[in-house]
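Structures for review follow.
Paired with subunit B in one complex and with subunit C in the other, subunit A is shared by the two complexes that follow.
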Partner chain A sequence: MRVQTRPGRLALGLLAVPLLITAGCGRVPTPTKAGDAGGGGHPQVDSAGKVVCRDGSPGVTAKELRIGVDAELTGKAALSGANAKRSLDMAVDDINKTGGILGKHVTVVYNDNQSTNPGAVNALNKSVSGDNVFALIGPIRSTQVQAMTEIIKSQRLPTMIGATNASLTEQGGGYIFRFRPPDSLTGQAIVAYARKQFSPKKIAILHDSDAFGSGGAAVIEKAAKDAGISVQKASYTTGDKDYTAQLSSLRSFGPDVFTTYATNSEDVVIFARQLQELGITTPVVGGPSITSQVSFDLGQQYLQGWRAIVDFQLNAGDVNKAWAAEYQQRYGSKPDLFGAWQRDAMYFMKAALEKSGCDRQAFLAALHTVETDGVQGHLTSNKQGDVNANLLVVQVRGGGAEVVEDATKLLPAA
Partner chain B sequence: MSVSSRLLERPHTLAALLVLLASLPFLVNPFYLGVVVLGVIYALAVLGLYFVMGLAGQLSLAQGAFFGVGAYTAAILSTRFDWPFPATMGATVAAGVLVGVALGYTTLRLTGHYLALATIGFAVIANIVFLHWKPVTNGADGIAGVKPPVVGGFILDQNFFYYYVALAFLAVGALVGWRLKRSRIGLAFLAIREDQLAASTTGINVLNVKVLAFTLSTVYGAVAGGLYAHGLTHYISPDNFAFELSVTMLVMLLLGGQATVPGAIVGAMLVTALPEVLRFLDRYYLAVYGVAVVLLVVFLPQGLWGWLESAVARRPRRLEGR
Partner chain C sequence: MDVVVQLGVAGLAIGMIYALVALGFVLIFNAVNVVNFAQGDLAMFPAFVLAFLLTSSRLPLPVAIVGTLLFAVVFGLVFNRLVYHPLRNRSFVPVIIATIGVSVFLKNIALVLFGADPRRIDPLIHGVVRIFGTTVNAQYLVIIGVTVVLLVAQYLVFDRTMIGKQLQTTAQNREMAALLGIRTDRMIAVTFAYSALLGAVAGILVAPLFGVTPELGTLIALKAFAATVIGGFGSVPGAVLGAVFLGLTEIFGAAYVSSDYKDAFAFVILIAVLLLRPQGFFGEKVGQKA
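Entry: the complex of A and B
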């Protein structure tokens, strides 16, 4: 019996060693007491009054400024994550070629969020604890941002997002800035355009059942009902492959306009094909995922004539044209909205840093005061942190989309 | 089986594993701290699966949904009714019992593939309810701001402290699992796993014992879900509890070794940590992860712990031969 018990005790003894060694190392954090608050900062300027980037803030070293990216490089939305990475790589190369930001070389540290909420949180923790970044370019999915919000606030991490659920910037406590128009605007514009163009009595809505899709669908439903239009909704789950049940049910409702609010372009193409197979010819007006490059690559033939309310349109404006040409030359493919907002966020941060220096609090304040012209149009933050209110109506023709009109003009003035 | 082959089944081994787990926060950097908190929480849920699958031999594919039921119970009671942590955790136990008994008595007359299908059905239905019962679950937006436990005026919201809260639950769960396997009930579970008909002829009420195993699994799952809601991000949404989670938990149990408590814990910790450890592989981690899982299943069908047990069992035999 002694022979058998010895390894057990030995194991216990061995395992106690690291405990004893590390117990005195002072790695035990202090528990939070209710009411802990953070300090403020001032722009970093030298004796001549010129803005400089001093070392000391997280992610700032003598030569380098580290920006984290929490993106879907694998999983359900990996295609859009790949476009985001390309766009950011290009933006950072261009910035570094022209001297970086305040003389610092910009390094982007990517962390894959696996297209899931826990993955987004793990990637955020890695960005903060492992990579020690100055600021973060976060995800485009609303629930991922919601899962991250508490940590972003507790770490006081300036975070740029593309997720469009209306409440996110409000919940962000001043640390979250959004570079795409919130769903509340896009949904209203879909209905406003449908009314102007088709004077519908009935509107059908097919939407993803996630936070993005159902949030957008709720806005469309409310705007339509307020205008006296009757509405029928059907939802699907991200990644579904068969939409015939939803499409048949919506067809039997007899809608004058078919609206969609889809999260992933991969899904849009599948239901577009099935819509065609079912012989449904009702005009379609939908959200931005209709005209992503992913949609065009996977099945542009099914999307011909579809209209979308988008915040990004290829070749709209000079900045956009130059950017698209460079992107095409570098990667041999066209850029899309999954990449456009990250590029704009990077340049917007650059503009703010050039006003504030590398002090996080001063940087957060500067984000509220700068203005830039990005590939999505003119950008400036409102009080809440919403930077982008540009919307266009576009229509799919051939392998791209053409601008029909400025959708912001269809909306009541804010 | 010789005495030596049961070496890893001795209480010392479980104690050593728990000591190792207790020292983990000192050994990992803050990033991995978040991962190990998640691992310990998943381990508790997987321990539930150990009762129903490992011991009683019933294939359940709804552990992720039970996890979700617990998470929603805790989140709703914490955010809407301001219940403190101990009360919400008590409620998750009640929710687990309720789901286990109700679902157990209706589905456990089924066996094999049919039972697996019924549990898949429950997992899918549960997710649809989380998603669409908006007034209660807040739909796709999920529930934010679930409150962390508070002890003596200190808010245990940091991963370092929350880890020990979760570990305390896991330790209790593991001890119960450990004792139960060696009790009459545990033997009844094993008898049912080996042969239901034979078990019934020895006086075991097969249905009741199966429902007990199943209820243990739902309670463990629901309590783990409650821990998940109160810790880490304090936010839950339906996509956290999709069917994939149930499959992942099954993989955790199979990889660790399905009929042992340490196996369930090791499997859960390993499968939770693997994608993060493989992060340096960038987009290729999925391929490596997949190959690693396949290799483990092919070459270690008894799971890592089962392999360790047989490896340890082989060594003393050589000693005895001398």
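Entry: the complex of A and C
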């Protein structure tokens, strides 16, 4: 008997492998046709010419409009997912208190991407096939968006992202809209500000080795070399715990300015502390992770005087101030960039829906025409789907950061 | 010279942390012949407990440290009872999978209980110390000092006390130990508790430097595992020396060869050792274990 059952077990085992793999990757939904998008691409209006939200499009029922969220609720980047959820819960509650969008109650359906690429694809598939959402708010990690892009395009799913790798909106085929400035702008602004302030001959770059950090470092390197500045780079793996080697190596290069492009604020705090311990006093100019709330909570004493090019600055502008006050009251903590762009994306979608009604094609067109004032500043999409081109130079002082100047004015006109 | 001292102290301290986690791997492997893939999380979770005791319960640091160590010992006993003990008569595969399950569970339960915000713990000694004319983080010296004291104490306990000899006998041959009247189940429980204690010490030592996040133990455990294989799986001195060798190699390699390959150094050495000396520097060849 045993001899007979072994081949059966083996066959079952072999069968189980592809089944498990398929289960792990999630079912890839069948591509939709343009017509399935719920209309012919025209704004939905009633006989009086007023924009309405008709049932029929994915995620739209008689009373409800469903928006999906593909977020890092667990895993390495769970902190950004937690902040995204807080921010979106608050935004949706506020929208529903004032009548929802075109009379529909907005429901946000969260799917955890576990901070991984396969997780991001699984969550996307669940949002499309299981939750049947109208539009999606996607991740802040570039590699995850890269993994999701083909399905987003095949599903013609309007997707809002915070990931900043420059090519993402270009590759998105008109379905991906970005609510943070691309790394190409931030990296150039870092070099432009460093040149203006310090006239450096040598620039050191310490960067995360992931897609975000490497992409940003490449932009900084190119901008610096184009300006005739010598560059030395050192990288680290996200979550690395000791930077003595990288900092010692960069110090021996003798830079006039240290630049950083880091994914996680926890990492920024560790290498900021080690810079101090190694007695390195070279000025630092870096990306937005320097001034996140996590950086201030974990090690503001190590970051004093550091400059950062940021797209979100707490209490910059009236919308931002009101939002931060409400957030503080509701959650007892200060908001940061890992919640700001999702809030802006939600209100930007609301503005577009109020022009287009619930027709996906018309909605995609409307996303290119609406303008809003968000917590990150004035928002309007370019042809490619980049909605946010606001950048500020800020400097860490005390337990926060102060605006130094408008970084967009340092950049050459587009 | 300044740079060499700074790199040397940092590499030695990081190597000591790998050593504490690697010892956890080795002791459990010797006792029950499985690899505990939750060993890194046995550093992470107590670090969260310490942060909680310090901030939410506002206990003084020494009391909070003792509380954390006690928690770790109890956790090790519970781990043994709920995870290893029910599977003790099965092959090693279900046990290993169960430890992976515990690892995932601990990361997520930390997220649920303590939230996603990283926790900060003040160092045991603040500031920097001057050595050979250069500055070194005092916490690195604390890590090196505490680990050396712990290793010496462990050597004395294992070599000079009855319980140490019983633990060693159980690790070498469980059946024979049982025939000699040693309560092997109890010895295995003690091994789990001690491994958890080593993990907790690692967590307490690194928390002030790295902050406390659910991913605190992941990279450390990966490197510690590589160190264990390099030193010779099952060998206590091998694990310690392998870990220190790894800590120094990756920091000097990153400084003088390329920082892009800092993490790769550990695994290049691991592959080279597996090819050239599969039993590791101090391991026994397969079939030679008593």
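Heads up, the rule we're going with is that the second predicted complex is superposed on the first by the 374 of 414 C-alpha atoms of A that agree within 3 Å, B and C clash if a C-alpha of one lies under 4 Å from a C-alpha of the other, contacts with A are read in each partner's own complex, and residues count from 1 in each chain.
One rule holds for everything that comes next: contacts are C-beta pairs under 8 Å (C-beta built on N, C-alpha and C of every residue); 3 or more make two chains touch, one makes a residue touch a chain.
Everything numeric in this text was worked out from a predicted model, so none of it was measured.
Asks: Of the partners subunit B and subunit C, which touch A:209 in the superposed model: first, second, both, neither?
Replies: A:209 sits against subunit B and subunit C alike.
Asks: Counting only touches as set out at the top, which of subunit B and subunit C does A:246 meet: first, second, both, neither?
Replies: A:246 sits against subunit C, while subunit B stays out of touch.
Asks: Scan A:79 for contacts with subunit B and subunit C and give back first, second, both or neither.
Replies: So A:79 only meets subunit C here.
Asks: Considering only the touch criterion stated at the top, classify A:266 as touching first (subunit B), second (subunit C), both, or neither.
Replies: So A:266 only meets subunit C here.
Asks: Is A:156 touching the first partner subunit B, the second partner subunit C, both, or neither of them?
Replies: After superposing on A, A:156 lies clear of both subunit B and subunit C.
Asks: Tell me the contact category for A:143 with respect to subunit B and subunit C: first, second, both or neither.
Replies: After superposing on A, A:143 lies in contact with subunit B but is clear of subunit C.
Asks: In this superposition, which partner touches a larger number of subunit A residues, subunit B or subunit C?
Replies: B
Asks: Would you tell me the residues on subunit A in contact with subunit B in one complex that are also in contact with subunit C in the other?
Replies: Touching subunit B in the first complex and subunit C in the second, residues 74, 78, 209 of subunit A appear in both lists.
Asks: Please name which positions on subunit A make contact with subunit C in the complex.
Replies: Within the complex, subunit A touches subunit C at residues 74, 76, 78-79, 81-83, 209, 234-237, 239-242, 244-246, 248-249, 251-252, 266, 269-270, 273-274, 277-279, 294, 297-299.
Asks: Over in the complex, which subunit B residues touch subunit A? Could you list them?
Replies: 3-4, 7, 10, 12-13, 15-16, 19-20, 22-23, 25-27, 29-31, 33-35, 38, 131-132, 139-142, 144-145, 153-158, 160-161, 232-235, 237, 239-240, 275-276, 279, 282-283, 285-286, 312, 316, 319
Asks: Over in the complex, which subunit A residues touch subunit B? Could you list them?
Replies: Per the stated touch rule, the residues are 1, 3-5, 7-9, 11-12, 15-16, 18-19, 22-23, 25, 27-29, 31-34, 73-74, 78, 110-112, 114, 116-119, 121-122, 125-126, 128-130, 142-143, 146-151, 154, 165, 167, 171, 209-215, 238.
Asks: Going by the contact rule at the top, pick out the subunit C residues touching subunit A in the complex.
Replies: Within the complex, subunit C contacts subunit A at residues 3, 6-7, 10-11, 14, 107-108, 111, 115-118, 120, 128, 135-137, 206, 209-211, 213-215, 218-220, 250-256, 259-260, 262-263.
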